[in-house]
Structure formats: structure tokens, C-alpha cells
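Look for chain A in each of the two complexes below; its partner is chain B in the first and chain C in the second.
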Partner chain A sequence: MSATTAPRRVAEQAIPRQVRTANARSRETLIGAAMASPAVILLAVFFLVPVALAFGLAFTNARLISPRPPHFVGADNFIRLFGDSFFWASLRNTAYFAVVVVPVQAGLALVLALLANAKVRGTNFFRTVYFAPVVTSMVVISLLWRFIYQPDGLLNQIISAVTFGHSHGTDWLNNPTTAMPAIMFMSVWQAVGFHMIIWLAGLQTIPRDLYEAASLDGASAWKTFTHVTWPSLRATRTFILITITIGALSLFTQISVMTQGGPLDRTTTVVFMAVRAGYEQQSTGYAAAVSLVFFVLVLTVSGVQRFLTREKA
Partner chain B sequence: MKRVLPLQLGRSVLVIFFAFPIVFMLISSFKPDAQIFADLTSLKAILPVGDISLDNYRGVFDRVPAERLLLNSVGISLVTVALGILINSMAAFALARMRWRGRRVVLAAIIATLIVPFETFALPLVWWVNKLPWLEVHGFHLTLTSGWLDTYHVQILPFVANAFSIYLFFQYFSSIPVELDEAARMDGAGWFGIYRRVVMPLSGPAIATVAILTFLPAWNSYLWPLMVVQSEDLRPVMVGIQYFFQLNVSWGQIMAYASMITVPVLVLFVAFQRAFIGSIASAGVKG
Partner chain C sequence: MQQITKRSIGAVALVCAAAVGLQACSSGSSSSGSTTEGGVTTLELWTHNGGNPVELAVNKKVVDAFNASQSKYKVKLQSFPQAAYNDAVTAAAAAKKLPCVMDIDGPNVPNWAWAGYLQPLDVPRGFFDKQLPSTLGKVDNKIYSFGHYDVAMNLTARKSVLTQYGIRIPTIDKPWTGEEFDAAVGKIKAGGKYTYPLDLGTAGTGEWIPYAYSPMLQSFGGDLVNRDGYQTAKGVLNGPDALKWATWFRSMITKGYAQQKSGKDSAVDFVNGKSAIMWNGSWAADTVTKKYGADVVFLPPPDFGKGPKIGGASWQWGMSSACAAKDGALEYLKFSAKPEYYVDYAKALGLIPANTDAAAQVPAYAPGGKYRIFLELSQKYAEVRPVTPAYPFISSTFQKAVSDILAGGDPQKILDKAAADIDSNIKSNGNYAY
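Showing the complex of A and B:
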């Protein structure tokens, strides 16, 4: 990160050396620490402590509301967790969701970005419309699509209209095979605009003369894409891959509003399970164990992605 | 020229795909339940035709304390945004423009927190806030209470300090020439004066970005208030959704409520479209 070095140089030039008395310097330390302290204290209380607690409580029998202090129970929570079929279902569903959503969303976002990047009229309008679902709350989106997916909802009406009544669709969210794909489709619809913007920002950093050179060489549109555009998007690609993956692994709101983990546990996810354990069943210790597994999952997956997409110099 | 037509056609189909559900929601919010379902079979689904009225909106206010929920969300979001701008910019100022010991360690620690999603520590955080103390003021009486569940501050304080906001301010402040600080110092300004009269007035774009990136998750928050707030009086808008699935479900009312809590954000988005998209894109260049 080059950002940390540049400003230091700037700050060193800030005051001519001869003015810098020891007194002024200790004052600067005092005021600097004072100005940073509200944020630092809040981050310590609401970030550092709970992260540390996730590790600590996972080995206790802590309950959300209990007069007794938590007891150390060793690896009991993890033993219970690994023997819990609900956990394995949650893990499987989370993986299924991520494996489908990550490539589909990244790819579709790139297609949209290429379409929106074309220098023709109306680009601003298109970008705004594609982006509207991103600023809309996931709760509202989930509600809306819950209606769309109803047995007598919008989707099935469209299906029976275009097939002239030969097909009537299904009860999308209550059918074990279609529930998760339905949630995937909606999730991509909601978030793809965000990653389109990120791809667009990446596309706009590609120097124009690279394209001019390609067109002078008579390169086709596809050749230009594979030889100029794609290689120039390396940093953007890594970022998009990692943010979509972390978002996908954190799947919760859609499940909470649309299916509550059903039908037949086909849509439970790791975060949904953590909330159920820690909040509904009030067993904070067990929820912390689930959270810890989630933490390791996120770190491992993004670490592996960073490694695979690293710069090969 | 021949490539423009299919391109525009493709883009228009996608516009319909992305706009359709939201338009459908807004239009349906004015229709009675029976008509919403009847209109599904034709284009009437997205046209304001038939029995158009505000009945659903009236129904929403009868069913849920909508004004309370809206007021709560407005208050919580605005306070979070205001405190977030103040506290994060002060920290960034100290990190970007002052020299003090431990500065680099603090900056590195703040940036390191960016990779941890909220969901990893949300559950331990619920347990933790339930243990925290709070001073309650009753006139001249101060009472020490314990447990933050069911309060406004539990919905605000955990989200005020934000590593990404600090990082955005830090980047922006670093681009403002330091000569301005010196000039202000010659005029007798102290560090806080430089922050308040020199750096902050020049940082409009950074302030707007942080405001937008703080406001959206605050307004849209769901998981956290779901777990920490039980009383109706203190709940924000997104959690209010639950009331609509108790007893008889009226999709017209659901669409009306969904529109009420979405339209303000969409209006802000359309009005400040460039700033919104720019802010959210800036989240993408942090890597």
C-alpha cells in the first residue's frame, strides 16, 4: 500500500525543522493521540473486543442472558458442531451459493460494464437503472421477490403466459430444488450493479492508446478484449472476486426474509445458523463457535484467491 | 454505426429487467390486493390503472406504528452519519497531517480491520453489548445501568467508528497541500483550528462519500436491530417488515410499506446519482 508512505513524506515537510521544539512535538503527540482516540476507542470496544470474544466464548458455555458467568468447556462446542447435521447442511448450502453466484455475478457485471462503457447516448441513464437495486435494501428486495416467486406470483403468471398455459411453474421458494437457485438469481440481480461500477472504474483506467494500437493492428473486438482489456483488469478482478465471495459467504438477509432456512434445510447458511444459535436459542458459546468457523472460512477463501490471482512477477 | 442498434436494444432489455420489479412495487402499492393479482397476467401489472387509491398506505399506518419506525430510522441514520463524519475525520486528520508516536501502528491496525466482515463477530457483540454499562440521566440523577439491549445507542455507537471511512478521509487529507497548514499556523491557528477551518472545508467530496457510505447501511440495517431491539418504540424501518406477516397478509400493504421505506433512498440516489455511484465505486479502489 503506497498510500502510507506518501503522506508521511508530506507531513515531514510540514514544519521547518528549526521551529520543531521538543515542546511543540510533545504537544503534537498529545493532540494527535487525543484526536484519534474517539475512533480508536470505539474500534477497540466494538471491533477488537468482540473479535477476541468470538475466539474466547467459542470454548465456553456462555448464554446470551444468564445470571451465571460462562464456564470453560474446552472443544465441546466444536465437537457438537461437527456432529450437527444442520451445520453441514448450512456449510453445503453456503458453498453452493458462493460457487454459483461468484462467477455468474462477476461475469454478468463485466458484460454490463462493457455495455455501459460504450460511448453511445443514454449511458448515464442505463447506469442509474442498473444501480438502483444496489441502493435498495436487501430486506425490501427479498420481500418483493418473495411475491414474484409465490405460486400465484408474477413469475408463474409470466411462465404460463409465454407457454400458453402449458407450464405453470412451481412454488419456487418451497420447492427444495428451486429454493436456493431462486435466491441466487435474486441476489445476483440485486448486487450486479455494484460490481458493474467497479469493473467500469477498472475499464476507465486502461490507457486509450492501447486500444488505438490494437485497432491499428486490425485486431477484432474479441482479440482486443482478450489481449488489451482482460490483462489490464488484474487488480480489479482480484478485488471483485474477493468482495463477491465474502458477500456470498455472509448470506443471511435473503434467507431470513424469504425462507427461514427451509424447505428441508435446503437454504440454511452458516450466518443464518449462527444467528439462530446465538439469538433465537441464546447459546452464545455455540454461536461463537459457528462464527469462528465462518471467520476461518472467509480468511481461507480470500487468502487462497489472493494467492491464485497474485501478480506473477 | 451498425453496432449501435443491437447495443441499445440489449441495454434497453436490461433496463426493463432491472427496473421492472421496483416499478411493479411502486405501482402495486396503490392497488387493492385482488387487483394486484388480477393485473399480473397483463401489462397492467406495471400501469397505474383500475382502482387506484392510498388505501394501502392508510392500512400501513393502522397496522404498524409507521411514523415511529420512520422517525427512529431517520434519527439513528442521521446521528450515525454526523458522529461518523466527526470522529473518523478527526482520526484521519491526526493520522494524515500530524506526527506523533504510534501513528503508523494505529493506521496499520485500522486498515487491517477492513478484511473482517461484521457477521464474524455480530453474535459475540450481542453478548458483549448486553454487558456494557451506561449512564442514565434523570434530571440531576445519574443512574448506572447495565446492558445496552433495547436502546437507541446500541443501534448507533457500534457503527460510528469505521475503518473504511478513516481510510477515505486519510487519502483525501493527504492530497491537500500542507502549505495551507503552515499558512494557518502563521495566523495563529492550532491543530484543531487547522482541522476545522482549513482541512474540513476543503474536503466536501470526502465528507459526501463518507456520509453516503454510512447512511445506506444505517438505513438498511436489519440483522443487528433484529437481535438487539425488542421494543416497538425503538425499532427501525427494516425490522418493521415482520409485522406484515402476522395474521392476514396483505400484499398491497406490504408493497406500500416497502415503497415508503425505499422511495426516500431512491430519491436521494437519483438526486445525487453521481456522488452515490462515485462513492460506492471508491469502495472498489481500496484493494
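Showing the complex of A and C:
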């Protein structure tokens, strides 16, 4: 508003040149709004409205298919949720997954990036190899690994072959103790290439003269890493930390394809629970409550991370 | 004036274009699924057979025959891929755009009837006398839907293998008892030729789980929910009989009779000689017969105490409650219920014709036919899944319970939790009163 009214006042008593400027400026504002509108409308329709709806629905007994309009039930959904052992199992697994995957994936990606950044022959080959799983659909990868992990699958064949038949692997995805680690391993393998590329981009922004100076000072490789590379990667680090965390917390595809939350609730996650409650069980209100809790969880975790990694004055 | 009209037409077109996808720019009358033009009423018909050309061809044949048989109504067929069908119907119901006639998966009928998508079929008394009872969608004593076919679960085995181990071949009148069944599988296992002699199809997911395993639970004396009023699962799903079933089911795994997660396709494993006895649907009959010929026997499920049980109900036809041309829809449904169309479906799909007159005309299902047993199993032992709007929730809860039991969890705890979850869902939905 101010952008259009202020220039007009100027235009009334000013010279023609300014009138043209004012017109041009208000046109610019319009064009700007027009260009932003597709994104803004999409964001509103597919993000803001659903979020607002989820907030509302979480306090009703809405169902996916029902002849009756939903009515307000207060905190009933949340009371049931916090008394549901399935929810606590989901929360525990989600935390377990995030706590293991975030450092492992970030660390491994950094190691790979350092290797792929080295001045040796064939680095492009390795970059491509590490990146290949990233561009493959997670559903496809999950299906493949389901075959790898099955009792007579590739992994167990390798184990028997290597130990000359003395040792046989377990039924990885149906064994309560190995199911989650198996999924973690696969997830890290799949996503590590993406974060390797980000680390790589970070590494290449570090000025070469810092390394030259370090080598002139006679710094060891480790000293160079801790005093030059690591401090220079601060922005990259924050970005990687937050994206991996959010990705890890929203674990769903692998679970849905590989284990359906089993065996014995060892791999169920919060997002998986929300989808199951909302679609399979048609309890829209309950699923909205799960989503709301998840929303608050992600917000809190990323808030804490932002605070811990903030630029210290 | 000219100017204004032009512009307003433009505006209407624009709005319509914007609304495409959400709602088509139809004539805009409030009731849906039909239009009348020049004295001919056009009815919409929806089917899930979008990706199934064989069944779709029969759908088309019936529709064409009906359209040719009279001039008052014209049925327009629209097909959807099965995976998207239920979502399409739910979305159409929300937008009040349901077709007049549609097909419905059997266990969904009560839920959709309760939701007001469907209306009861107003047919004369005795109209469905020849119908296989498991293929009628009956809710609250009203018929909402009927199916042209059904399938039957059975134990598939080879005569030569059973006689080799000295196992009695059970018949429909004298099925195996639970102990006999366990002993039979145990004998084959002890023979050492089969690592896992029994294939229960445990790799299956989704609706397969209640379809395949809840009949066993019923045979033990338990059930998914108390069918008297459908208000609680307590005492039925977690009672002593259900516990016996769960313990037995898990014992099949611990004894090494069956795999916790079987191969992806049981019929293929059976054909390749990986399993000796397979729990599967009649849809696998052609595959195994092709390989073993007359050596194949289709056996009734064991009687675990309350008689052998199998699941009933497949896809069925019904009529939407919003249909504007109710008479036409009913006329079409009655037309399609002629025995000859049951025969067409049965012949095209190899499934059980859901009408006794029709069965006599399909050689495999006529008395003495090679698949006659499936029809008899359906007639004698089929039990429909619980007729309650809570069924989708019950099904999902049972799926999880089965997977936990197979994984070796404490059966009593698992069943208690499942029963409590179902009860709290029923309560939070106002007891699903109609």
C-alpha cells in the first residue's frame, strides 16, 4: 500500500519525470506480486491451510469416511495418544534413528567428501558412485534391500561364503534387534552421497592460500583439518545438521516398504503412525493429533539446533 | 450488452476451467450420477477394473447388452485403477458426485452404507435366492450389494505327497481336525524334504491378513469383534479361544513348519516344490493345476473346534444414495444379475460363480467339476468379515496383531491391546450407530 500511495503524492506536485518513475514503480510492485503469487498461492493452499486444518482437526473426532460432521472433543485425542504404547514406541524409534543416523551420516559424508576432494585420479568416478543411490527412488532402494536382507538374500549368502558356512546371518528385517539397525545402515548408504556433495561444495569454498599458509607453517594433516578445514565449514555444518535431522525425524518410506513398523513395534515411527491412523484406520482427528505432536517435536529440535549453532557475537 | 455477455461468458469459462479437477462444469443439478437428454437418461457406472482388461471386458459386455435391450436408459461405464478406486469414490462422495452404479469391495459395504454412500436395493423378495450368501452385502437386514463371483481359501496339496507320508486326505464333510493337521505337517517336516512344509502366505499384507487368518481365529472360537451388536472386541479377540489360536499360529513358526515371512508368491513356491501344503485362495488353482494336473487336491481348512471357516465376499455392485435415476440404476442391476453374466464372469476370471444356476453352466464348477469344491467351501464354510463401519479400523488393528504374534510377541498382551484399541475406536465414533 505505502509503496503505491507515497509516490502518487509526490507525483501530484512534481515534475513529469517523477510521475513516470512513480508509475514504473507501482507497476514493478504489481509485477512483483504477480510473480510471487504462484508460489504464495501454492504455499498457502498446500502448506498453510493444511497446517491450520491439522491444528483444528486434532481437537475433533473427524473421520475420513463418516456420515456425521466432526465435533469438538477437546484434548481427548491427545489423552489417548499419550496413553498409547504404540505412540511411545514410535517416538522412541524415531529418536533412536535420529540419534544414530545424524552423526554417522554427517561424519561419513564428510570423510567421503575429503576423499573425493583429494587430488588423485578418478575422483569423478567416486563422486558418481557415491551419488548414484541419491538419485534412485527410496521405494526402489527399499525394495532392493528387502531382498538383500531376506534370510536367503545376498547379505546372508556373503556371510556364509566368507565364514565358509560356519556362520549364518539372521532374518534381518524380522528380527526385533536387527530390524532398525538394518534400516539405518541402508538409509545412511542411500543419503550419504547427497551430503557428501554439500560437504564437497563447502570444502571448495575454502581459500587455497589458507592451506598454503598452513603447510608453510609446517602444520600436520590433522592440524590443518582441525584449524583450517573444520572452522571454515561452519555454515555447511549447520545446514547439514539441520537437514539430516529433519530428514531422519520424518522417516517413513523405508518403514512403509520394508517392515510396516514391525517386528514388535521396533521400527514404527511417528510419521508412519500418523499415516496408518489417518488412512488405514480412517481416524483423521487422531492422525492430526499425531502430526501436531510431530510438528512441535521437529520445531523444538531444529530450534535447539539453531540456538546451539548460532553465530556467537 | 453484447460486450457484457461476451465477458460474462468468458468469466464463467474461466471459473469452470479453474474448477476442473475438483468438479466438472456439469449442468449443476443437485443430485448426481445421471443426466437426461432427449428422453434418454444416462447413468454413470464406476468400476475398479481399470488395470484389469479381462474383467473390464465383461463389465462392458453387460453394459452394452443393457443399453441395447431398452431405449430409456443408457449406462456409461467409467473405469479406475484399483489402487485409486476407493480414494476416487471417497472424493466423489465428498464432492457429491457419486455415480449411480458402482462396484465395492465386500468388506467396505457396511462402512459405505453407514457413511450414506449407498442405498439398499429395492428388489422383490426372493430375487437373490440363487445367490451365494457370502456375496450379498447385507447390512442391518437390508441388501446393499451383490457380487457376480467369490473366491475360496483352501489348503492346496499333492495327493502323492500326502499318501507318501501316510496322511489321510480330508474331505469337505470330514476335514482334518486341528491335531490331525499339526500331525500331518509334522510328518512332512520330519521327512526332511521340505524345510518349510507349510506355506501360510505370511508375506502378504493389507486386507489379506484378516481375509486369510481371521477364519482360523473363528474356527478356534474367537473372532475379530463381538458380532452381537458390534460394540466390543473384548472377550472375543482376546478371550481364551483367541489366545489358543495365537499360540497355535506362532507355534507353526517356532516348530519350523512355516516361515515367519514366506516367499512373495506362495503359488510359485508350491509349483517349484518348496512347500507341501499351501494356504491360498482359489485364484491360484489354475497355476498349480497346470503344473501338477490331477495330483493336486484342494482341501478344506482344518476344524480347530468350531468347524472349518473361510472368508467370503469379493467385489460387489451397489447403487449410490445420491443417484437421481434410481429406477434406471435398479433396472440395470437387476438386468446384470442374470445367470448368463455370472457365467461370463466365472469363465473369464476362473472364479466361483456366485449363483447356483450359473454354476451348473460352468463345467469346472458344475457338480463333479474340478473346482466344484470351491463353491461348496463357500456355501458351507464362508463367513463374511464383520458387518460394521468399524471394519477398516478392525482390519488394520488385526493386521498389526498378526504381525506381532508371528514375530513372537506375548500373545495375550498383543490381543488385549488390539481389543482395547478397537473398543476405544468404537466408543470415540459414537458406537457407529446408523
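Following the convention adopted for this analysis, the second predicted complex is superposed on the first by the 278 of 313 C-alpha atoms of A that agree within 3 Å, B and C clash if a C-alpha of one lies under 4 Å from a C-alpha of the other, contacts with A are read in each partner's own complex, and residues count from 1 in each chain.
Methods note: a contact is a pair of C-beta atoms (placed from the backbone, for glycine too) under 8 Å apart; a residue touches a chain by one contact, two chains touch by 3 or more.
Please read all numbers here as calculations on a predicted model, not as lab measurements.
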Combined model on chain A: chain C and chain B, fit or clash: clash
Contact breadth on chain A, by residue count: chain C or chain B: B
First (chain B), second (chain C), both or neither touched by A:135: first
First (chain B), second (chain C), both or neither touched by A:200: first
Partner chain in contact with A:21 - chain B first, chain C second, else both or neither: neither
Partner chain in contact with A:276 - chain B first, chain C second, else both or neither: second
Chain B versus chain C as contact partner of A:65, first or second or both or neither: both
Segment of chain C that clashes with chain B, given the candidates 4-12, 40-48, 58-66 or 76-84: 76-84
On chain A, positions contacted by chain B and by chain C: 64-65
Partner chain C, residues of chain A touching it in the complex: 61, 63-68, 73, 76, 80, 85, 150-151, 171, 173-174, 176, 260-265, 276, 280-283
Chain B residues within the chain A interface of the complex: 4, 7-8, 10-11, 14-15, 17-19, 21-22, 24-25, 37, 40-41, 45, 87-88, 90-91, 93-104, 106-108, 110-111, 113, 115-117, 119-128, 130, 132, 157-161, 163, 166, 170-171, 173-174, 178, 181-182, 185, 190-192, 195, 216, 219-220, 222-223, 226-227, 238, 241, 251, 254-255, 258, 261-262, 265-266, 269-270, 273, 276-277, 280-281, 283-287
Chain C to chain A touching residues, read off their complex: 90, 93, 111-112, 114-116, 205, 259-261, 392-393, 396-397, 399-400, 403-404, 406-409, 417, 424-425, 428-430
Contacting residues of chain A [partner chain B, same complex]: 1, 3-4, 6-8, 10-15, 25, 28-36, 38-43, 45-47, 49-51, 53-54, 57, 62, 64-65, 112, 115-116, 118, 120, 122, 124-141, 143-145, 147-148, 152-154, 157, 161, 189, 193-194, 197-198, 200-202, 235-236, 238-240, 242-243, 246, 250, 252-253, 256-257, 271, 274-275, 277-279, 284, 287-288, 290-291, 294-295, 298-299, 302
